[in-house]
Amino acid sequence: MAGNTFGTLFKLTSFGESHGKGIGGIIEGVTPGLELDVDFIQNELNRRRPGQSKITTPRDEKDQVEFLSGVFDGKATGTPLAFIVWNKDQKSGDYDNLKEIYRPSHADYTYDVKYGIRDHRGGGRASARETIARVVAGAIAKLMLRQTGLDIKAFVSQVGEIGLSKEPDDLTMIEATPVRCPDPETAQKMIEYIDKIRQEKDSVGGVVSCVIKNVPIGLGDPVFDKLHAKLGQAMLSINAVKGFEYGMGFKASSMKGSQHNDEFFVKDGQIKAKTNRSGGIQGGISNGEDIYFNVAFKPVATILKEQRTVDKQGNETIMKARGRHDPCVVPRAVPIVEAMAAMVIADAWLLNKTYRNS
Amino acid sequence: MAGNTFGTLFKLTSFGESHGKGIGGIIEGVTPGLELDVDFIQNELNRRRPGQSKITTPRDEKDQVEFLSGVFDGKATGTPLAFIVWNKDQKSGDYDNLKEIYRPSHADYTYDVKYGIRDHRGGGRASARETIARVVAGAIAKLMLRQTGLDIKAFVSQVGEIGLSKEPDDLTMIEATPVRCPDPETAQKMIEYIDKIRQEKDSVGGVVSCVIKNVPIGLGDPVFDKLHAKLGQAMLSINAVKGFEYGMGFKASSMKGSQHNDEFFVKDGQIKAKTNRSGGIQGGISNGEDIYFNVAFKPVATILKEQRTVDKQGNETIMKARGRHDPCVVPRAVPIVEAMAAMVIADAWLLNKTYRNS
Amino acid sequence: MAGNTFGTLFKLTSFGESHGKGIGGIIEGVTPGLELDVDFIQNELNRRRPGQSKITTPRDEKDQVEFLSGVFDGKATGTPLAFIVWNKDQKSGDYDNLKEIYRPSHADYTYDVKYGIRDHRGGGRASARETIARVVAGAIAKLMLRQTGLDIKAFVSQVGEIGLSKEPDDLTMIEATPVRCPDPETAQKMIEYIDKIRQEKDSVGGVVSCVIKNVPIGLGDPVFDKLHAKLGQAMLSINAVKGFEYGMGFKASSMKGSQHNDEFFVKDGQIKAKTNRSGGIQGGISNGEDIYFNVAFKPVATILKEQRTVDKQGNETIMKARGRHDPCVVPRAVPIVEAMAAMVIADAWLLNKTYRNS
Amino acid sequence: MAGNTFGTLFKLTSFGESHGKGIGGIIEGVTPGLELDVDFIQNELNRRRPGQSKITTPRDEKDQVEFLSGVFDGKATGTPLAFIVWNKDQKSGDYDNLKEIYRPSHADYTYDVKYGIRDHRGGGRASARETIARVVAGAIAKLMLRQTGLDIKAFVSQVGEIGLSKEPDDLTMIEATPVRCPDPETAQKMIEYIDKIRQEKDSVGGVVSCVIKNVPIGLGDPVFDKLHAKLGQAMLSINAVKGFEYGMGFKASSMKGSQHNDEFFVKDGQIKAKTNRSGGIQGGISNGEDIYFNVAFKPVATILKEQRTVDKQGNETIMKARGRHDPCVVPRAVPIVEAMAAMVIADAWLLNKTYRNS
């Protein structure tokens, strides 16, 4: 299986299955001498963890990261930073009934056809538990980028049909509710809706939005590695993501050039854009304005309702998932979106250093 | 400048600027012995060419591809297939007034900050003329994939606020109108609208949709190189693209799992999905159903209206583009979207061969 | 730090330091369904291990490999195969006196200048213990290649000035002596010589030769990835290697074309070469004849004699290594050379599948 | 065919066959703003060109480089620098008799087995004419590295059995004779010997040595991308190369640690090594001392004598090459060795910038 590495200079190569020994990875490109703020890294993992509130699954996995290399006296040496989060509390038994069954809208069938073998326990490599490795690498990327002043904030802007009616005023409110929507009123509606969905034994999708402030000008590389193209790949590689748009996104397709263009002006001797419909990127390169984008998540495929499906032998059957499952994973996806964004930016930031003339 | 290569096994490395000697590239991974159907390749280029109709720019560039290597007796030898489309008919003079000016929502400013130097004539490397290289590589990819029976069809599904009201019935009608919308009635409305926009000296955005039929099962690689993630990067790397969604896309975010899941059944001994809301990909791997996706284009930034901007010296000024410019590039983007899709699929198809046990 | 990955399709990304938690890696490109013959893998590790005999260091590290992912029911699933060999028995204290000292002909100084920080315990990332990861990956590569009938055999052909006087007759005798020289008489001389060097508190270099039989025709890729160029990089990346030659090697430089060329003839309807001065590779591609090459190792830099050096503060000083050190690492390098060869071949073998027309 | 790209950040992707339209490539990673000293680049090509003197082939190919992109007003813009050297004066007819024949020790047979198709004219992609692309890219790399003061000098140290008896005193004498050996007396012997070989209708091998002075400390990346491992791959990828050694090379294998180690001392407050047996690299990273290495070339396979071989149909036959062929290519390999060294160093130099903390 190819495709386990993300990034060119700041690179994560990840490994692990949901019910194997653990999830981990190797991070390359870490700045030598970087202080490894372990509390910060662990906190990012905790944000991803299930069991944070009544609206997420009650599995209290207490994902603790163990670094295996690349650290000495609390600092990154620059050598590969390997890590693992050991799997605990997995109930493989919950999945015994799925051994022979292809769950609808899961990767069971495609893995079996492609590889001819599959660790069927809990999704195996296709499990969303794989995103643990992303969150660890993203936390390291955030630590590396601290010196630039860059700030990445993702939040839930939509759950089912409940969405924010306008840009949020106050991003400090994101973590104030378990649903991670910065508008308290909308957050409350979302929480109630998710609870209703849980009672229906169903699941629901949503949208995570992200704003990146204080971006250095000049990040990103035309032609194929435009900054937003790498952000797009990064987000679309997260489980359950079905769409990505930045700046005006799909709305731009119904606009006129005279409405969409961001005119320049001069402020305090600095060239600035009056508007930021472009979303902080021109020609694939950051222009110093805020980068913002939306990521669409489908409802998770695992629902506790009965569904019709087939087994490996090609017999039609009825299945019903067991175990503990989030009715809406979007709030837990917030730190994952941030992590992927941080990785993309850190990679572009390292690459950008190579253009310096001295 | 990094980022000029797309693909891992089927690879395009592109070069060229809009007003330099030409646009070209090197294609690697071509199947040795492949018949190079030059007419087909040239026809793909013609589809991209400006000056095809009154709704596109009247520059008749007659882009002719010249192969520089990798061909012998009309067949690809498998060695690097280098090619160039020589630039002709460029009127660099049209751009002299832009030498010192940063055009709004163009890459002028970000290139200058990032690289400290820029070929300002007509967009240089950031020009959409760069997509010529993609169309040539995409045509080769299509030739390679012919043996699989795979069929890629893109079309215009929206121009400004005019969109298809339902899935098109007949994809053979795509090329029937210059706007490349398969519904004749909608196409006519689009044409009239684009004409109006031209008279307003403005531009307008749109959406290109794409359907891929007869996809072999098993293409694509989890985790980071999911087939849709590579498609997303591919599409987002095209000039003016602001968004990508596949399957239900952003609509999936307001759906429930019980509405979105594709249940399996058995038909003629084959496992099939009853519905295809997933868009032909599960867990990043093609499942044999149709792949479909949408690509959102912003209105092109170059408009013939006056706009306020600044020059390199930081003085505010007024600019007005000269020359010939498409008010809506979306119809010409159709072959580009197809080309990028073909490249992604060909790459995944080659990689998939490495999993065979013998 | 870049450079921790070897291979394109069959890939090892390694991590670890000699006195950190362990040495490990992630292997990608493993054939799904491959039986993981754990005894075989462990045996390869045992061949590399110190403490195998009186001529190697008495550290009995009992390096046991633990697989962290990619295995299910004893088979590789094709997903990333992560592993670790936990460090035990390290006496970091042995290195306390080296904290401030740059050991002659070690990587201490260059790491400090390059990265500004270094795990000084026992060589850190620059330790030969890093080769553990290579041996594990090489063992997996050998398992994958079993179906081809390919056979890789490395042996010691020279220790100091004691060398084989002719091609060895019987490669089954390699493991018969701890020095891994297949000629018993020469082996005995080498053993005595190494013992003498140990008593002198010195070290000595040597040459490892390798023969690969039953190589499929067609492996390797011109231009830059010629099979022997990748073998060369692979071997030169092993600690203490100073030279690589294949076929006639440096001797070819004093030969005439009429002496060196391998004429073709036909045997049983098969095209064969009468001689094999080329070493089994033409134009960077294997031709089915035996591949053979030599790898030159310098004497290990760590000796128990006094040496003059400088410390980090730039003061001249006298140092003397402590602890247990091999006077000649060349016998232990034999499985490492085989492992790297297996990785190069497995990578080329996977890549070669992509050229198939169907 | 894979393997046409060399380098990670400073990258050459090459194309072309000996009797196709030309040889060229795309260079990425060029410093934006670099003055393109066209005379220097052309002069490097002239050094590689056949027909420079009576000891090389009389084909006067006048290889002129044409840049296709990436240049504006005489400066590199940093965008991909594409170039071509058009083929002229090829006499394909000289090769008609070889169409059905596998020349001994050529790549004819392996290409045919691997790819099933081959441009048989003059070696096609396997021709040494491919090295033109390397020389152009190497010239650009040298221009980029000028600011570092780095100096790369290769020379012929051996032709057949005639070699330098000691390190050359004066590297300015390299270009003084057509054989590019800096010792005039040895050079004269080599010239006479090559002339004799020509009369015998035979060919002869040789050794190119290279010294790199003023190398910045810190270039190169452990573990797999050690500076000497990349140099090794680079050199071994040149046509006809059979071996590579650096520092003491194969001689190191018969030395003791106490003889080989380079002790440190302090000079003018700088840490220096008393000796440089290591060849300027420790742990894969440059240490500021001179890098030196040797590259062994076999005699070219094409000789004007009769040889026995087989044809594609498997019939034994007698062949005799026609046309103009160098009896000894080693003098012309000098600029190619320098070019590859420059590319390796430039790549490591760019990568090294990413470790800076600011």
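To keep things simple, chains are lettered A, B, C and D as they appear, and every chain counts its residues starting from 1.
Here is the rule we use: a contact is a pair of C-beta atoms (placed from the backbone, for glycine too) under 8 Å apart; a residue touches a chain by one contact, two chains touch by 3 or more.
None of these values were measured; they are calculated from a predicted model.
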item	value
Which of B-D and C-D has more C-beta contact pairs	C-D
Chain of greatest Cα-centre distance to chain B	C
Distance between the centres, which are taken as Cα means, of chain D and chain C, whole angstrom	26
Inter-centroid spacing, chain D versus chain A (mean Cα positions, whole Å)	46
Chain B-chain D separation of Cα centroids, rounded to whole Å	39
Chain D, residues touching no fewer than two other chains	1-2, 4-5, 9, 14, 29, 32-33, 78, 115-116, 125, 351, 355, 357
Of chain D, residues touching chain C in the complex	1-6, 8, 14, 102, 104-107, 109-111, 113-116, 125-126, 130, 158, 160-161, 197, 200, 202-207, 217-218, 221-226, 228-230, 232-237, 242-250, 252-266, 269, 271, 273, 277-279, 281-287, 294, 296-303, 305, 307-310, 314-316, 351-352, 355, 357
For the chain C and chain B complex, residues of the former touching the latter	9, 29, 31-33, 78, 147, 350-351, 353-358
Touching residues on chain C, where the partner in the complex is chain A	1-2, 4-5, 9, 13-17, 20-22, 24-26, 28-29, 32-33, 67-72, 75, 77-82, 84, 115-119, 124-125
